[in-house]
């Protein structure tokens, strides 16, 4: 195996935060490197340094044995380094072809003039290379999410043609937003590239790491703590290396503690449908119950939750909360009724950017801690928010830090804290709550949700993986094409196998 | 969870960090600029700080300040209200038109009408999802046409017995009452902004509208409130203006629109929303009012007044804009 | 691959269908303003039978020429998601420069074509200053261009000699006086500029990148593209075209006038939005904006023709702008849509 | 730069700087200042009354001994406030152009509002329309471009036009549009008319010279300049040139230099006690200045006057401030 890239003692500090320390890493041709670590351990920072997006504070990088300084992403591209971001980095109002060549020179746009047909042809060739059928003339924002993800991939893989030597491709949590089919496609590309390129693959799903990588590197607090071939690892050992403690196995909750059969259900939905997706759906959730919703993309699970939260247009059907019919015309109305929603897209729908943790957490229910629920009491809000920050183990410098400065997993915990802060929350809808969370943080999160449920909070939960659903839920409902296709009550020992669930989903 | 880790590395510091202290410093820049300006003018023209001069300044600055405070509120949410000067102008016209009907209550009625109008236009903008810039540009055009139509394009004397106008035009403790009106307005709005959910929601809307919406903020209602507040302030500014002129005119507030935008920005409120506040509006209004007369104070030739005003405004904005909180500057 | 199939996907709730329908809808949407234009023409023709005469259409073309140039320039800045308010000041400064440098009745200058170049250069310089202040000093464009608006007016009033400078330069006057097919050169200059800048926007790297900045500025910065240059270029184009507009208006008037741009800014902004060049950036283009400008001129001309007084005209045109913008955005209304 | 206004300063308030009219007005005031060895302070309102008020406030802030103010209050609405502000500072004031019908120097702050002076807009409009009537041989159709409607000269001049047309029944008014005193707006309006009325349009009445220039420019686009008569008012240099070249029929000579000199001189006289406002007659406190019609026959005289304006001195004017008065402003003129 030829060595392509080496980092020597690379470090990065942001103000007083050390994101990365003394990182020595070697990337070789023909190898997939799996990178794991807790939230905020510096994985993204490392990738961004290699990808030219961030300048290291110390250390050096060697490309083919020669030191390099990468000044920008396009600089890295010119050196054959491509990076797939978790958040898509396409320009929505440009065409597919332009996006593919955004960071690369091409004869079709030499001298600053566009020869559109040649550009489209070149893009079509790139798309063909990875067997994708997308019109290079299409505007990116007109594409479906999955198609956009494919364009993103095509854009990165086009660096292959740019350099004569093997390219380096970096993937930062690419799978957390993909469907099984898309993941399969991605892995096929990785398999194809494996021979000719060096690949770094970041994921919080240890199974994926074990499946696709040749070597796993574990990071903690900006340092490398392990670097081993995956053959020497299994899920448990990887988890231990990462989290530094034993994995908690789901303790099946005693059936009798569940008030599942109480007379009035917490939530009772009949004939709920949206203009877009959900066929009339009918279900009930008991107080303190955790209901898992499963379904492939466009199964309607997400629309169902958003409809319950008043965030969908054209919603029909009746919703009863604690037996009383409510009209959820807007998120505000839902909140009023005691329904909370943790969005899948926290950057846009969850966080108030540029605001502190306290401000974020106190936004919705802070007033409950005020005088007579009318007048704001900042001190009380701050105290409660701080309590939750501790309880959720948010890794932060201070409760007054800006939420933007937290790593993704910690941001998610803050957004969750906004809802848990409430004293009158009846129902919490969790839309892919573990997205981007490291396994340890996920366990923390599950523990908190379980304890809140034990106090009577009802939860509807759309999971990232089937494993999660089985881990957390009392009951699982599988959705397909906007309708419910199967139901399993886990507490009754009615545990389905993963195969059963997959069959019900597709 | 039984094996919970010691939370040593995750403890929360209570002490404000370097970043917070720097932010606090940044926030005080507009005030520093104001003090600097006042200090300079006191050196250049010592008489400017005499009580009589200050009173004159207050009575000239009050309408502008009220307008700036009002405009700040929609801007905090990331919208903009271009109709404020139009509302201020039509206020005077309505006062004359409605006086025969409502007698001593005319001012109240006019302010309520303005608030209603503002709420309606905020609703129009938020519910129909038309950009505020174009909504209020459209209503500005309609308002100016309407006030010309209603007044037949002439200046008319106010009914001289209107109690509120007389009150505003009067002085207490030798200080113009319009100054007190501005203060009272700030006090009321400050309480609303600081101690009710409205203030918090306004800032949330400016910081990230989708996130605010998904956190239960009633955006349409809130926008209506924001525009109602700015229209109400504009009407009050109009009343303050006519209490000085004693005449109404369809073009009374003329170019105060541009000055009010300058004022909002000079106070440190970000045009993109989410950053700033009422206090910023007060300071911005005062700086702008001062800039407006600065050219005369320092004796700039009349032909140079525009340029000097433009350059001074740019320098002041350069000093007072807090760029750290705004990612992309449009 | 069992374990992989065990993942469940996440999507943002609203997804475009990505099919032909989407393209069709987008295409139809861009025709909306054109439809408004046709409807207006028909309405006025029905109301007054001699509306669609060659003479009146030529009059509309003459009135629309300069607004079209202004919206073309402004569109570049609006595509960025920024705004340029300085055009009235720029036109004042460029008009004064032109009338004092070309042959005139106030001083002995007769720079001829160089005078025209200098006046356009003034516009360019304003654009450059706007762009630099906005991108390098990181000041919001709204306030920067508000400041330079005042500065432009100020330059005009400093330059203003004791009396209105009348232009005597035959070249300058010729721009307005020379007619082809009943239309002055100004109309053809406007069409030429429109075409030129349309091509620039669609067939050059610069144009496409200006378009892209409005779509995803952060992405472009991250990619390492020289975004500040693109932004400055957009402001320069806007200033340049405002400078040209100042020259053309002076040529048409035959003198230098510090109020030459009065009242042109807000209609220009409205025209852009009417045409579909949204203030949020990244949408529309110069052709769309130009249609918006023509719509406003037709409206104005038509309202004069049917004898609506100036006040009523204000009310009606405000209402029409609101109606059209509301109607054209109605199908986009969503609970979660953010419009500022 | 001097800050506190020195004793005996003359202050004038003008609407804009980039205008021939206001430059000449300033020149007249400057002549008086020179003859008195006094300082002339110029404030510019840019047609914004609130701006004028604020700037005057800044000047008065430092106190102003024996100062005098002559200003256009920018619109009727601000007259009372400007007068009052001046009175508070004990500075005698003479207003020009704008005065609401209901208030006069003798009934509003009479001690400090010395006088108001203007040009007779009705007369001006009347002269222009008469000339049009004559040029059209008593038959034809004309259209009129009005100034900013809320200003007295704007509606007065249109009133004068109507008065003249009543005496000239063969000429009818096709259309009236508001051009806001602006050249470019007038040009657009005239262009629209030419397209709409074609040969039906026989003459254009513009309420001032700037708008007349705009109308002529629009006619020039169709090579109609000189063929369709255009009238204006003010007597600006360009208008005189156009009268001479035949592009314009007539303009009305309002002498801004004289206006500047007379208005500030009267204010100064009151400031130093040369006149006592209380002893002045109504005709002396609210008067028109003379104006004259300029047509091809006498245009050379006025061009000469333009090139070599007389230099006014305070001593000279003091002999009789009202030498060039055209009489008291009649009741109802500012309605």
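Order of writing sets the chain letters: A, B, C and D. Residues in each chain are counted from 1.
Criterion: a residue touches a chain if its C-beta (ideal position, glycine included) is under 8 Å from a C-beta of that chain, and two chains touch if they have at least 3 such contacts.
Every value quoted in this text rests on a predicted model; they were computed, and no experiment measured them.
Most remote chain with respect to subunit B, judged by CA-atom centres, is A.
If you average the CA atoms of subunit A and of subunit B, the two centres end up 42 Å from each other.
Inter-chain centre distance (subunit C to subunit D, centres taken as mean C-alpha positions): 36 Å. Here the spacing of subunit B and subunit C, counted between their Cα centres, is 29 Å. For this pair, subunit A with subunit D, the centres built from the Cα atoms lie 72 Å apart. Residue positions of subunit B touching 2 or more other chains: 148, 153, 210, 213-214, 303, 305-306, 327.
Residues of subunit A in contact with two or more other chains: 311, 330.
Counting partners per residue, subunit C has 157, 160, 310, 334, 336 as the residues that reach two or more other chains. Working note: touching chain pairs come out as A-B, A-C, B-C, B-D, C-D.
Residue ranges of subunit C in contact with subunit A, taken from their complex: 1-13, 15-18, 22-23, 26, 202-206, 208, 211-212, 214-216, 219-220, 222-225, 282-283, 334-336. Contacts from subunit A toward subunit C in the complex involve residues 52-53, 71-75, 89-94, 98, 102-103, 109, 112-114, 116, 138-139, 141-145, 147, 175-180, 182-184, 187, 205, 207-208, 211, 294-298, 301-303, 306, 310-313, 330, 344-345, 431-432, 435, 462-467, 498-499, 502, 505. On the side of subunit B, the complex with subunit A involves touching residues 1, 3, 5, 7, 9-20, 194-197, 199-201, 203-204, 207-208, 210-218, 274-275, 325, 327. Across the interface of their complex, subunit C is touched by residues 16-20, 23-24, 27, 175, 177-178, 182-185, 187-189, 191-192, 194-196, 198, 213-214, 217, 220-221, 236-238, 241 of subunit D. Looking at the complex, you find that subunit B touches subunit D at residues 44-48, 50, 52-53, 56-57, 59-61, 63-64, 92, 148, 151-155, 157, 241, 244-256, 289, 292-293, 295-303, 305-306.
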